[in-house]
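Next, two complexes with subunit A in common: one pairs it with subunit B, the other with subunit C.
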Partner chain A sequence: MQRSTLSDVTYNWIVGLLAGLGILILVAPVIIVIATSFTTSQTLRFPPPDLSLRWYRELFDPVRSAPIHTAAWNSVWVAFVATVVGAVLSVLAALAITRVSRPSARLLEASFLSPLILPSLSYGLAALMFFSVLGIRPSLNLLIAGHLVVIAPFVFRTTLASLTQLDPALLEASANLGASRFYGFRRITLPLIAPGIAAGCFLAFISSMDNVPVSLFLSNARTGMLPIRMWGMMESTLDVRIAAIAGVLILATLLLMIVMDRLTGLTKRMSA
Partner chain B sequence: MAGAAIAAAGGSAPGDRVEWRLAAPLGLTYLVFFAAPFAILLGISFYADAEQTRLGLDSWTKFYGDAFYLKVIFDTLKLGLFAVAATTLLAYPLALVFRASGPKLQRLLIFIILMPLLTSVVIRTFAWIVILAREGVVNQTLMGLGLTAAPLNLLQTELGLVIALTQIEMPLMLLPLLTIMNQMDQNLVDASRALGASKWRTFFKVVLPLTLPGWIAGATLVFASATTAFISQSVIGGARLVYLPALIWQQSTVVYNWPFAAVASLTLLFTVLAGIMALGWLGRFAKTN
Partner chain C sequence: MLPRSETGLATAQPLTLDGITHSYGGGLAVDNVTLEVKGGEFVALLGPSGCGKTTLLRIVAGFIEQGNGKIIIGDRPIDTLPPSKREIGIVFQNYALFPHMTVTQNIAYGLAARGESRKLQEERVAEMLAIVQLETLADRKPRQLSGGQQQRVALARALAIRPRILLLDEPFAALDKNLRLDMQIEIKRLQRQFALTAIMVTHDQDEAMAIADRIAVMSQGRIEQLGTPVQIYDEPASLFVNGFIGSSNLLAGTVEAATAEGYRVALSTSTSWTVPSRQNFAPGAPVLVSVRPEQMTLADEAGEGRFPVSLKLSLPIGGELIHDVTAPDGTSLKVAVPRRPGVASSRAETAFCALADHARPSLFAKP
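So, the complex of A and B:
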């Protein structure tokens, strides 16, 4: 009994210690980046010698940071269009997959999800070769097509998950009461799966904004994307403006998350 | 369009053919923009020279006949495994603490766990440069404590890269693990403890097998992501540490040897798929035992 208590004490200590280390390693970088973005210093020294908005002013300067602004708007546009188109296609595909229970549906499901695990860097190079063999010049539309393929599975997956939780009796009841199938879709299915679609769109948008492997090959100087631009800034001089970009992106993601929560919470209440 | 297709299906019995049509737009998009590019990639790998004039297996034999490139494959696999091991070591204790805490602490923990997701991979990489640099936090702390006289070189080392990747990839491991940890039946844990098993024994004999599917899901994502994390690898690892993504990038956009880049790219694909299949096999093996 004594020995088992001792071993239990070491268990608690080791689990506690490792969990503490895990929390530290998760939180510290985010705090350090935010703190660094307010530095007065020319370098990335931490802790910053004094606090100021110097680097945010620098970042929002329309002349000196023009390439960053262009890249940021390109990223937002590509993410927006790819998410909207990807969501429509994915929701349709998810509806098809849940209604057909043949083994081939499982195969189709797996192939629709495959971009999630296949290395997108391999895909990025493949897409570059594909478009150049076809003789299509780089443009934002190519980036949209490339991003679409990599981010559609996020919406497909969450929509499929919501659809499998949907009670088929609801649709049967609506059909028995004489509602058309489209009416049933619009008034029953869609409101119930809306939170799933919204969550998927959120993930898809974020992952398009962050995408490196596809943009790396499909973007050029004219169609710069934000993550690639930041990579360039990191490779050359360690520009403190990167920390300011990080600050802006963290705030934007946080706001988007709150809006998302409100929206899906709202839809839940509306469908209840 | 959705409306038209579904309305067309209305009235008649739910015919499979009509339902299949809904999957067609995404299926066609994938066929054109996903399957076709990979077919082209495979095709280009069978050119023997960089100018793509001659067909042949030269690019393949050059890649797999050179010890340098074989070491790049090995290093990439090793990096993926290290990242899986390190995230596992920290994610399991965190998940256990999460399971044991009350609702208030759980909310705080969820916020902490999701925090890295607020920052993109590029920003997380940037954060680790600030931390690991010569005048960074780690070196200043070590020197302040008098543990080292000169700043350590943590950037451009494999250790530094694994530490950074641990944080960068951690959410991918934690999310599936937390989900399955919360679904686990507490009665099984209580029974093991009541029958006199120590906490260690309970963990290895009850908790670990029950949460293995979640771990496999997480490990798959971490492995796939760490082996292909081009920016983290090149910025933190530097030019001295070469992994498959950097090789693909260099061969395709600097050297302009597309057939060779295609071989490297397909090798990355096979490496990741082999890793994923090995993890899936491990899961089935553990289930049958």
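So, the complex of A and C:
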């Protein structure tokens, strides 16, 4: 055993302190909002005077919370469709770009990734103006199209990363053994990049679920989205159901993350 | 269909490379290579880094389209066939095993890709596993295997499709020394058993010597010499081959005259030796005489064809004693003599250097 010197101890203290601080900043708000969601009180006050499931019951009431439910389903549907379509497009684009080494491919790559950098607010406004020039009315499909643009790059980026890590010799071996390109893609490329695609889909889905800027411009009263609805409730009534929604969202994300880890962890174990 | 012998294996097919030339845009990576590999023969491509060995192998496999020249298997040109139709087995340098598949799935891959029946796949995998002695590891993933085991899986995978030709790119580079010899024997055995025509790329001369029927020494995209290991070692065709294969001593000299036994060469160490050569040299031509260290000896007394040297260092290397000596004109030489048990270094400070009894020096024009 080696004795730890004074500087080791100081180092450990400082790192520990920073980590603790980081966790505090990240986790404390979550704990506060969850605690608040179980309050008996009428207001969003912390700490809650007493605990109950009152606001969850209220939130799941099919009549009184109907608009929230509609908005939630809209959000899930838009996120789901945009993620699926975005994944297909991104995987195809990433495959094409890794196959070409021309400078034009670099240019395309940059432009496919640009929505990650472009302020979504400007894009939301631009999309609204563009679609109204074309005479297209707001609808869920329009929202899907809008979200698609801002979330597809997540899948594109993770897929590109796993493709560049793929050993090209594997595909040569596949061809050498008599496999067609498509067969090699199905049995070699796809299984090996699947964890990357899944991770990208997860990020894309989450970022669509809590996207405000694009939804703000492209939705109307009929196509309300959850984050917009929550903001509305916040402004008008300070309804405690918001905290309950936040609680549900946090729980759902946590579950999704566990599922993701199981899946990609599994595929990682299979492919590593 | 290919001709099949009674063992069910294809009879060995010759592979002909005819004037293969390729450049990646800059200079020539492969420069007009012509090579006829006989059916069932094992040829090693040997050469320094960057001389175009891998490029040549990849051209044969179809991963690179050559700028010029033809590749013929049997009597059929295969230049227009894609890699998947060439029926050439490859063992890649890092094996390129499919990491997400088991040993069984790896070996069955080529058969599955061809749409062979489940039954045939199972039979063939069992057969290949038995041949490479990996039955107990059939359900492991590649990363759970040692380097030697991985290589055997790579071999089994390549051979499962019953290829006509086997290509090996630095197959032993990733293995440690003891395992190397085992795998060299293994590969040689399988190559014979499957009646394969094989080309192996390597920059390890011992490996090439041990395993190949013939060696093609390459330099700068060209084949410098093609011959059996013994020919290459004993009669190097050029100064490059001489320097690349084994170690050798170079002595400068001038041709004095041509005699019946060879050229009489006056050495810079103030002796003269008679050296046979197939090349022509005019009297007065400046030349280099090359002698292998084990073809020289040290004597205690002066004599004909001997020159004095001062001993600098003696290294006992296994059964040999390697002496590092310097001639009066400054030429530095290595002399390898059999080591008597218990002897670790040499006797005297000065000695006389001479050709050993069966020495076969080579003569090259001075560049």
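Simple rule for what comes next: the second predicted complex is superposed on the first by the 245 of 272 C-alpha atoms of A that agree within 3 Å, B and C clash if a C-alpha of one lies under 4 Å from a C-alpha of the other, contacts with A are read in each partner's own complex, and residues count from 1 in each chain.
The rule we apply is simple: a residue touches a chain if its C-beta (ideal position, glycine included) is under 8 Å from a C-beta of that chain, and two chains touch if they have at least 3 such contacts.
What you see is a predicted model; the values in this text were computed from it and never measured.
Bringing the complexes onto one copy of subunit A puts subunit B beside subunit C with no clash. Using the contact criterion defined above for the overlaid structures, shared-chain residue A:A96 touches subunit B, although it does not reach subunit C. Within the superposed three-chain model, A:V30 lies in touch with subunit B and out of touch with subunit C [touch as defined at top]. Looking at the shared chain after the overlay, A:V155 reaches neither subunit B nor subunit C.
The partner of subunit A that touches more of its residues, comparing subunit B with subunit C, is B.
In the superposition on chain A, contact of A:S180 is made with both subunit B and subunit C.
In the superposition on chain A, A:I188 makes contact with subunit C only, while subunit B stays out of contact range.
Once the two complexes are overlaid on the shared chain, A:L170 sits against subunit C while remaining clear of subunit B.
Using the contact criterion defined above for the overlaid structures, shared-chain residue A:S120 touches subunit B, although it does not reach subunit C. Between subunit B and subunit C the least C-alpha distance in the superposed model amounts to 5 Å. Subunit A residues in contact with subunit B (one complex) as well as with subunit C (other complex) are 180.
For subunit C in complex with subunit A, the touching residues are 61-63, 82-90, 92, 94, 96-100, 109-110, 112-114, 141, 143, 157-158, 161. Subunit A contributes residues 4, 7-8, 11-12, 14-19, 21-23, 25-30, 32-33, 36, 43-46, 88-93, 95-97, 99-100, 102, 108, 111-112, 115, 117-123, 125-130, 133, 145-146, 148-149, 152, 156, 180-182, 185-186, 206, 209-210, 212-213, 216-217, 227, 230-231, 234-235, 238, 242-243, 245-246, 249-250, 253-254, 257 to its touches with subunit B in the complex. Considering their complex, residues 1-3, 5-7, 9-11, 14, 16, 19-23, 25-27, 29-30, 33-34, 36-38, 40-41, 44, 89-94, 96-97, 109, 112-113, 115-131, 133, 135-137, 140, 163, 166-167, 170, 196, 198-200, 203, 220-221, 224, 227-228, 230-231, 234-235, 245, 248-249, 252-253, 258, 261-262, 265-266, 268-269, 272-273, 276 of subunit B touch subunit A. Partner subunit C is touched in their complex by these residues of subunit A: 167, 169-170, 172-180, 183-184, 187-188, 191-192, 267, 270-272.
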